[in-house]
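Chain IDs A, B, C and D follow the sequence of writing; residue 1 opens each chain.
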Amino acid sequence: MTTASVVGGSGFTGGELLRLLAGHPEFEISQTTSREYANKTVGSVHPNLRGLDLRFVAPDGLEPVDVLFVCTPHGVTMEHIGEYRDLADTVVDLSADFRLPEAELYDTWYDGHVAPEHLADAEYALPELNRENLAGADLIASGGCNATSTILGLKPLVDAGILTPDDQVVVDVKVGSSEGGAGGGAASSHPERSGVVRPYAPTSHRHEAEIEAYLGLQVSFTVHAVDMVRGSAATCHVYPEEMPETKDLWGAYRETYDEEPFVRLVAGGSGVYRYPEPKAVAGSNYAEVGFERDARNDRIVAFSAIDNMMKGSAGQAVHAANVALGLTETAGLDFSGLHPVGSP
Amino acid sequence: MTTASVVGGSGFTGGELLRLLAGHPEFEISQTTSREYANKTVGSVHPNLRGLDLRFVAPDGLEPVDVLFVCTPHGVTMEHIGEYRDLADTVVDLSADFRLPEAELYDTWYDGHVAPEHLADAEYALPELNRENLAGADLIASGGCNATSTILGLKPLVDAGILTPDDQVVVDVKVGSSEGGAGGGAASSHPERSGVVRPYAPTSHRHEAEIEAYLGLQVSFTVHAVDMVRGSAATCHVYPEEMPETKDLWGAYRETYDEEPFVRLVAGGSGVYRYPEPKAVAGSNYAEVGFERDARNDRIVAFSAIDNMMKGSAGQAVHAANVALGLTETAGLDFSGLHPVGSP
Amino acid sequence: MTTASVVGGSGFTGGELLRLLAGHPEFEISQTTSREYANKTVGSVHPNLRGLDLRFVAPDGLEPVDVLFVCTPHGVTMEHIGEYRDLADTVVDLSADFRLPEAELYDTWYDGHVAPEHLADAEYALPELNRENLAGADLIASGGCNATSTILGLKPLVDAGILTPDDQVVVDVKVGSSEGGAGGGAASSHPERSGVVRPYAPTSHRHEAEIEAYLGLQVSFTVHAVDMVRGSAATCHVYPEEMPETKDLWGAYRETYDEEPFVRLVAGGSGVYRYPEPKAVAGSNYAEVGFERDARNDRIVAFSAIDNMMKGSAGQAVHAANVALGLTETAGLDFSGLHPVGSP
Amino acid sequence: MTTASVVGGSGFTGGELLRLLAGHPEFEISQTTSREYANKTVGSVHPNLRGLDLRFVAPDGLEPVDVLFVCTPHGVTMEHIGEYRDLADTVVDLSADFRLPEAELYDTWYDGHVAPEHLADAEYALPELNRENLAGADLIASGGCNATSTILGLKPLVDAGILTPDDQVVVDVKVGSSEGGAGGGAASSHPERSGVVRPYAPTSHRHEAEIEAYLGLQVSFTVHAVDMVRGSAATCHVYPEEMPETKDLWGAYRETYDEEPFVRLVAGGSGVYRYPEPKAVAGSNYAEVGFERDARNDRIVAFSAIDNMMKGSAGQAVHAANVALGLTETAGLDFSGLHPVGSP
């Protein structure tokens, strides 16, 4: 068994990692840290994990381990990365601190970088994009959830040359409240967020930087908070120079994803769930992608839906760790979602 | 007092009209019809109206009245329009049957038109667009809710020449469950619609026809069901040939809306509610519009939010009737919405 | 016109009062205070009131006024009550500080009382209970929302002698998130409160003290947070010594409420809304009460539903002020709720 | 591997069974029937199961199998029970048709019984109540979800003699929308059920019969629909003849449940989740039970929360099948729920 620890286990992402690691056939949880809840049981913060016999330890109590999953905030992980890399053979970071390939990007989009020398080692976690480089990687950076849903939705079009850097792409994202983390704030309080459709990152969203770095496309990106707890749904309005036929679109999506264990194509069909949507994947590591061809406007609408806590962060991190360590890729992640399910 | 009746009063829109008319200082409700609930009290279907001493009558019991509000489904109103126009001096139709200016459009977008001779008399109900023509009109057609939110959001840009028919516009709409009416269906059942982000009209949506007819623009339009009961929120991604300065944008929105009693400009600022959103206007006849300038992508993001039951249908209809009859324009509609409010 | 001011206007209750006063034919808003938002517009905190031309003033800027509505927290109002009573002819307090008739009760249920000499002047605000004493009152205390729904549901049984202090009564309450105020906290954050059924006052709830003081009954009281923003729904399980007939129950409820403008009897019938429920009254000052007779268990189930922001606090306060000042009792409060409506 | 089939696999319970069986290490799915969706993929109805390579067959295409899970409606299963018992060694029924021990009870609570001769063979599925009898059973009846949550909450008090048939018990239940099944109806439509607190079985609820049969107690039972998709939360107000001490209560709950793999005691503590609630167990087979001692009213408040689709039906059925077949009791059911989670 491979030992794994989680830094910052009391937040939402940390809790989701603990859930996944507890049920993972190849990992054994060693420790989890929390400054605020040191010595308290994990179950006292994450009620779904009341059955886990584990207590948080203070951050300075972290011991050597095979794999270290880090859930400290942006700007904080980079301050401790040296320490983390000393303690663990493999570090998987869920912050944004090692996602972007170059330090200059951190100057533009964040508040600069204090450990840029590690950036060259860092591998972007999304296996559907970066599988070859993940094998054997010892520093892995999990992507932003909205960047993940967007990249998954657009990649087939880029791979097939249907979408090129010159084409117009508008990405309109709808995301759940868990994306804001456990801290909350006035805008996240139930009375203010129930039934909401609220633009909160109308322009210049940081996830644009990831999308550009990894897909090579500059996109127009707008994010809205909607009433769900888990989910990132991206609607990508694409204007290719030449409109492909529907069969070419199917071909492109199949080519990119047919072998992918966690991506499902959903486009049209019958019943209630005809296009990708978060409810269909909630609680699971699956992503649904699909498209609709709009001849009238020479537009392709590409849809993508994930659970932001899973494929958008914790699930992606564990999937990447499986690949990095040469384990069965789907280990600990191949369970299905729920139906019916509300706003999971 | 002007007498008013509502055909199809048991549905959501009919119930909203009854609520507005009951509280309107100038209107007196004469009758309301329902095939299914004939003889039952209005309060037995609309619990908020339990205090109203009024029963539904069968459709064939309709008597002459000053103003007739019609809430029968698309395709049904047109079959009875002659009858309705005989019974009432002014008919306000909430279906799509008289919204579009030409019969040919009904061949393209609907199932044809059986009473096209009335189309020439019909005036589109949105006063912010059509006030002059509404005065004295005797056949008024209330717009589609998603078309309404879109038109309100884009009109200032069109008026100011910032947006022309050659420019690219993507409209991504999020709408509430009341838009589907009281009939429901599997997709509208609570287990299937709770926490949803579901594209259901990815392309070729009928509201595109209205937008084109009244703004002169062809837009790419996609609609998503989200978890709220009332609300239509349009995010319009606009790529003008020349990017205006922020002050020009403010100028354009003020020029179009400064005198409008029911439109509020909301763009930036502090607190939780910085951009237009449905929660801010739920239950009221107000619309919020605003914008954000995205220099990086030469894009303007225009936002618009309304309550689909109010500004998007019943409130719009009453507002139009006020104008048509020369009453105080805001009569019966000038109450505010709620805060806090959930998914109203 | 009577002038009215609101102390603590930036919270939920204060915002609801401003909404009601702005639309009230007899009141004219003079000022509203807020420590945190002094000088900011009311609309910057309450988006539904963006149309109101009014800014918050610092608490020390409060000037003399006819009626002062006070929304400071429990324990704070009592510290300033002398000041408030000097500034205004009539003070309406929405905290718990003057609700209970005796100072000793504050020792038991709260943290003691610092201005007990004012308690004798204070009149409980619920007109359905205390109308005669409210006329001319100059210090009025609005009830707790859960106590209000409970009192309204049980009063007819007490009035008719069907329920006496020796009988068993279990009150199981379900309340909305706005009850917790605008401050929020971890438990009120959207991810933690969405889809919830959470007991948070399983026993010994302060509202028991009000119920006992005003109905003369000791009740077993348990409160649960559920997923709605507005609403207080009380299910009262009553075991009378002698089971009344259904006609006696109807008689009791009608006797108590037939003349009451804001209470509706709802018990059985057809359709979706057969018993009292919050959705039927959301946004309005109405209360619905009803019952079901359970012969099998010699039990009466009494139901009561209100909007906690309206009949449970701000609406109740304005209603009481109308009575106290000899205005038309229903002035500014006689609008209906919404249908359809989500979690308003 | 043991083969298992599901009759009525297109409904919510059938879908949940398929999810569990697909992930169960000891079961292999043979067939699933649906009249409406014969030949369609399971994934076209249950989007979470799009990865399952399985199509519905017409009901008459059912073949012999080791274990047959039956999800036909009440009154329908009993008509086909002979057929089902011929086709399968073990039949697990999720309807109410074989839950009650005597045919007379079906005359009182349902519409009579057409196959009463099978009742004697039927074993109630709840292992926490009936484990010994389940071993080797060939006809198993899964309990009603609200009866299950209630029984789990009260059993320790009955076992310990704290609660006897002479004592008063009021059970106030809050249940999710999935309880109504996939059929829906007006009351289940999103606009009518969003944000709801609606009593719909105020008295004389069928689940009372189960509670009486299996706990030997007559309870006063009232059920409310609330806004969540999954969940059954029972608040039991108990008035024992003699009030036990808190340590006796802990003793009673531990005695009954310490060895139970799927029941967790939650009573008090810190953090957000202090008492049993549905969000803590959503998606999982766990039940949370707890209590609070109310000395003031000589009352014990017992809380119980389950996921109605899991512990309340499909999870219970699979758990019972594990016991009946002598498999590892927790096989296929020992995964945790989610946190954060909305209205799952």
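As a convention for this text, a residue touches a chain if its C-beta (ideal position, glycine included) is under 8 Å from a C-beta of that chain, and two chains touch if they have at least 3 such contacts.
These numbers were taken from a predicted model, which means no experiment stands behind them.
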Review point. At the subunit C/subunit D interface, shared numbers over all numbers used: above half (same) or below half (different)?
Key: same
Check your understanding: Counting C-beta pairs in contact, which comes out ahead: A-B or A-D?
Key -> A-B
Practice item. Among all other chains, pick the one whose mean CA position is farthest from the mean CA position of subunit D. Key: B
**Study point:** Between subunit D and subunit B, distance of the C-alpha-averaged centres to the nearest whole Å
**Key:** 45
Study note, to complete from the structure: dist(centroid_CA(subunit A), centroid_CA(subunit B)) in Å evaluates to 38
Point to revise | Touching two or more other chains - residue numbers and ranges from subunit D | key: 12, 177-178, 182, 186, 191, 194-195, 227-229, 271-273, 277, 279, 282, 340-344
Review point. Quick one: in the complex, what on subunit D touches subunit B?
Key: 12, 177-178, 182, 184-186, 188-191, 193-195, 227, 229, 342-343
Check your understanding: For the complex, which residues does subunit C have touching subunit D?
Key -> 168, 170, 172, 174, 186-187, 191-192, 194-200, 202-204, 208, 218-220, 222, 224, 226-229, 231, 233, 235, 237, 239, 271-275, 277-279, 282, 292-294, 296-297, 299, 301, 303, 305, 340-344
**Study point:** Touching residues (chain side subunit B, partner subunit C) in the complex
**Key:** 12, 15-16, 19, 22-23, 40, 44-52, 176-178, 182, 228-230, 264, 266, 269-273, 277, 279-284, 286, 288, 309, 335-344
